[in-house]
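Look for subunit A in each of the two complexes below; its partner is subunit B in the first and subunit C in the second.
The block that comes next holds the complex of A and B.
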């Protein structure tokens, strides 16, 4: 029996030593021990006989204007609340997770697929994250055939995915839709009818109507031309797409005002009974129409 | 090993004894020093013959295979199958154990932290001492200003005898803390694998015994288990009523269902006896936890989401609230 176990000198030692008991165990002598902050040479409170609640406020300087007031203001962080951030996703990461089996290459790869496969942890992110940025690092080893939908794409990343036989498209999701897609179960448990996805803001319209980036608001015919141009530029043969992929490129995509594929806005998902409730009233139908 | 309980010997007498015993080891063949604490069975003294356990070859019948997938870099472990009904061990068949459970790397610091948690998280310290305000003797000034006595304002001050205690324990204090559930799981697996490494693992066919059971003392004697403590872990399906009757009065044999398995009990008993039917459930549970993804976001309360309860919010289908007018449904 002991031959079948993985070889380690630690285990052969244990075989000959006395039985491990509740009295034999010891703490790790090399472990870090946390000390309370009020004792020792770097004590936070009770230092020099002064209590911390008596000291003046942070930044206070006696008898002169403090440093932070002497220097004039300048708008370094002027429009920070209007900026958008994107999660970086490299091709190397994608390939690794496909190899591990966390991403299914037979199904379309969306924000939910990436979140469910624990590739990126996007749940609970700060309020200015709007999606995923597909980067080109790992282009020399990428071989997976995937249908991806991201928010921003690099040119080389586009070329590698299409060379491997997949398709890429970019789409805009507002903050609320992005949060809903990252953790759809929590969104459905709220019990509210599904909202309508917003259209991109003014500065992003030119990006998403551009066929070079495979934008979702662009002309599908022009996308076909751009694919051939890219192949010429980088020097590879364009592989043939299957009928499902062609269908996805033209008709099977989500509507620009739809959040979840197959679910219309205005409907409610009942997870307990596993049903979808669709509005019958005309007023609601009009309001929810895309 | 027990701490040795010796009578007190004065230093002078100890020296005398050591001088007397110093030359005795030269001539005797089985010399045992007087300060050595021995285990109860010593083959040198008692002439006990230990039965040799035969090695497991490839041709032996395997009566139980692993239920879950075995990782590629590890092999399943085979162990002899025993039976409570047989008086003597018949080495007929073999059982396969999963390596994730019984071949874990034996990290002693994890074991220690788990054992310490098990013993400490339930503790509540009820000690409470009175401060100067709670003594209940009043605020009277003991004496007024005099030249030959120190200043005093109250006889309850901590400087005084029978006065209050200023920095003492204040009321029930719980030493509850949570350990990472992954370390708790690892601790269990390490305890199980240590039992296998040190040959303290016995696997029996089932804990169900028929009424005409052979002599239990004979059973233990034939396997040199007459004074070792044993813990039998069984599945919930099994009917242990006859076993319980047998084992009611013995201090050395304890019975435990699967859901009560814990590290302290495993290490407290010398031998661990597992019933075959329990192994499937154990494997399934452990590997589910080992191969699961972490929570997306924070774990939510399932009891609030269940249908048909008072907690769940019900939706009126006859008079639905319009979309978008109110902030919430």
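The block that comes next holds the complex of A and C.
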């Protein structure tokens, strides 16, 4: 008959219908939903014979210490708004990207080089991140000759980079200049004059004036001595530096008040006309020199 | 506002790098302004040569010199593919009696003290394979050798003899007696104050 379908049409139906998923399902409107009763011993939120404005406060348990007071306090999350975080960068990651051609070993490696070469994605992170941490993993493999600038360095990572013929230096960037360096095009499109990079806070001054960590505010003569000491400690021969690398350590160094290498704070970059506008007035020059 | 750099580039024939180095922006926090004395120190820096042959003086300085040899090999611990393929074990060996960079008397003391680490041919061997990294194992080996030499170089321990000599020292004996008698006088004074004296006599 017409009402009954044949076996083959049932099977063809099954084949053609879509699979069961959340978009196909619907709640049963005729099902019984259980609610707590309004009266009786299983009632929730009811005190018999009492007006609602007389009931005790939330959490009150008669004559006992309440649950929220029984557990002691401990400062697991204290001072979270003041803490600093750094992006980890291992040596094998660096070596891999040098081999792939994303990082140019002939030019100094900076935060912009690392973000342009897509080594680390430092965009869209929380406001807690202040730079890059160079780690020692991959010390057995590392062979590239690089001039790196990071924020924090491990001792073994320092030794491996210097053994291969490169240089390392640590510098401080405040949050605003770090974001500007990660994406300089976006910063220049804003059209504002370049700001001054801030000096490190009180806790970090002893770190960045330390020659053992190759800080950018430390004495270059002492850095030269520390290089020898590291080589003796780890038992390798110090390779000679080229003149350009020596120049980078003293005179060609990036200024502590400079965000972009070669650009004075107060200047404006015009990307459309490919020019740099530098202020002539002495007032601006004095402000930048401080 | 005109762009100074652009004008200078077009009017003169100097290359851009030289200009950048001379007219580079420098604030008061630049290394040239913070440390003006150490600016020209790199070019004229002479490597201070280590005192290699000091047989009479004390040993001070790095360990890696002379007849010290370093070997790297695979370590014998669990770790899978990384342990089987990387040379992470570091071994330091040198002939003790032929090492001229250690003073002669120290060599004799070391030959007795570290008998277990010396081979039949006279080589002192120190090795380490604790870390994943070759350089760190080497560093710990060199630190161990330095510690061995420093311990053999120490003057003999005289603390026990000093303590015994102090007992026979007359100055210390007099001082101890003095202290005892002071305490005695003080307690006798307090006791005498308890008796009320005769105010009439």
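Here is the rule we use: the second predicted complex is superposed on the first by the 215 of 290 C-alpha atoms of A that agree within 3 Å, B and C clash if a C-alpha of one lies under 4 Å from a C-alpha of the other, contacts with A are read in each partner's own complex, and residues count from 1 in each chain.
We adopt the following convention: a contact is a pair of C-beta atoms (placed from the backbone, for glycine too) under 8 Å apart; a residue touches a chain by one contact, two chains touch by 3 or more.
Note that this is a predicted model, so its numbers are computed, not measured.
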Contacts of A:156 with subunit B and subunit C, given as first, second, both or neither: second
First (subunit B), second (subunit C), both or neither touched by A:232: second
First (subunit B), second (subunit C), both or neither touched by A:101: neither
Partner chain(s) touched by A:72 [first = subunit B, second = subunit C, both, neither]: neither
Subunit B versus subunit C as contact partner of A:59, first or second or both or neither: neither
Which superposed partner A:115 touches (first subunit B, second subunit C, both, neither): first
Touching partner for A:250 - first (subunit B), second (subunit C), both, neither: second
Common interface residues of subunit A - those touching subunit B in one complex and subunit C in the other: 277, 279, 288
Footprint of subunit C on subunit A - complex, ascending: 136, 139-140, 156, 159-160, 163, 199, 216-217, 219-222, 224, 228, 232-236, 246-247, 249-253, 255-258, 262, 264-265, 275-280, 288-290
Residues on subunit B engaged by subunit A in the complex (per definition of touch): 1, 56, 73-79, 99, 103, 105-106, 108-109, 111-113, 115-116, 194, 196-200, 264, 267-268, 270, 293-294, 296-298, 300, 305-307, 312-313, 315, 317, 320, 322-324, 328-329
Complex contacts: residues of subunit C adjacent to subunit A: 1-6, 20-21, 24-32, 34-35, 37-39, 41-43, 45, 47, 62, 64, 70, 86, 88, 132-136, 138-139, 142
Subunit A residues touching subunit B - in the complex, by the definition given at the top: 1-2, 4-6, 8, 10-11, 14-15, 18-23, 25-28, 31, 115-116, 118, 123-124, 182-183, 185-186, 189, 191-193, 266, 268, 271-273, 277, 279, 281, 283-284, 287-288
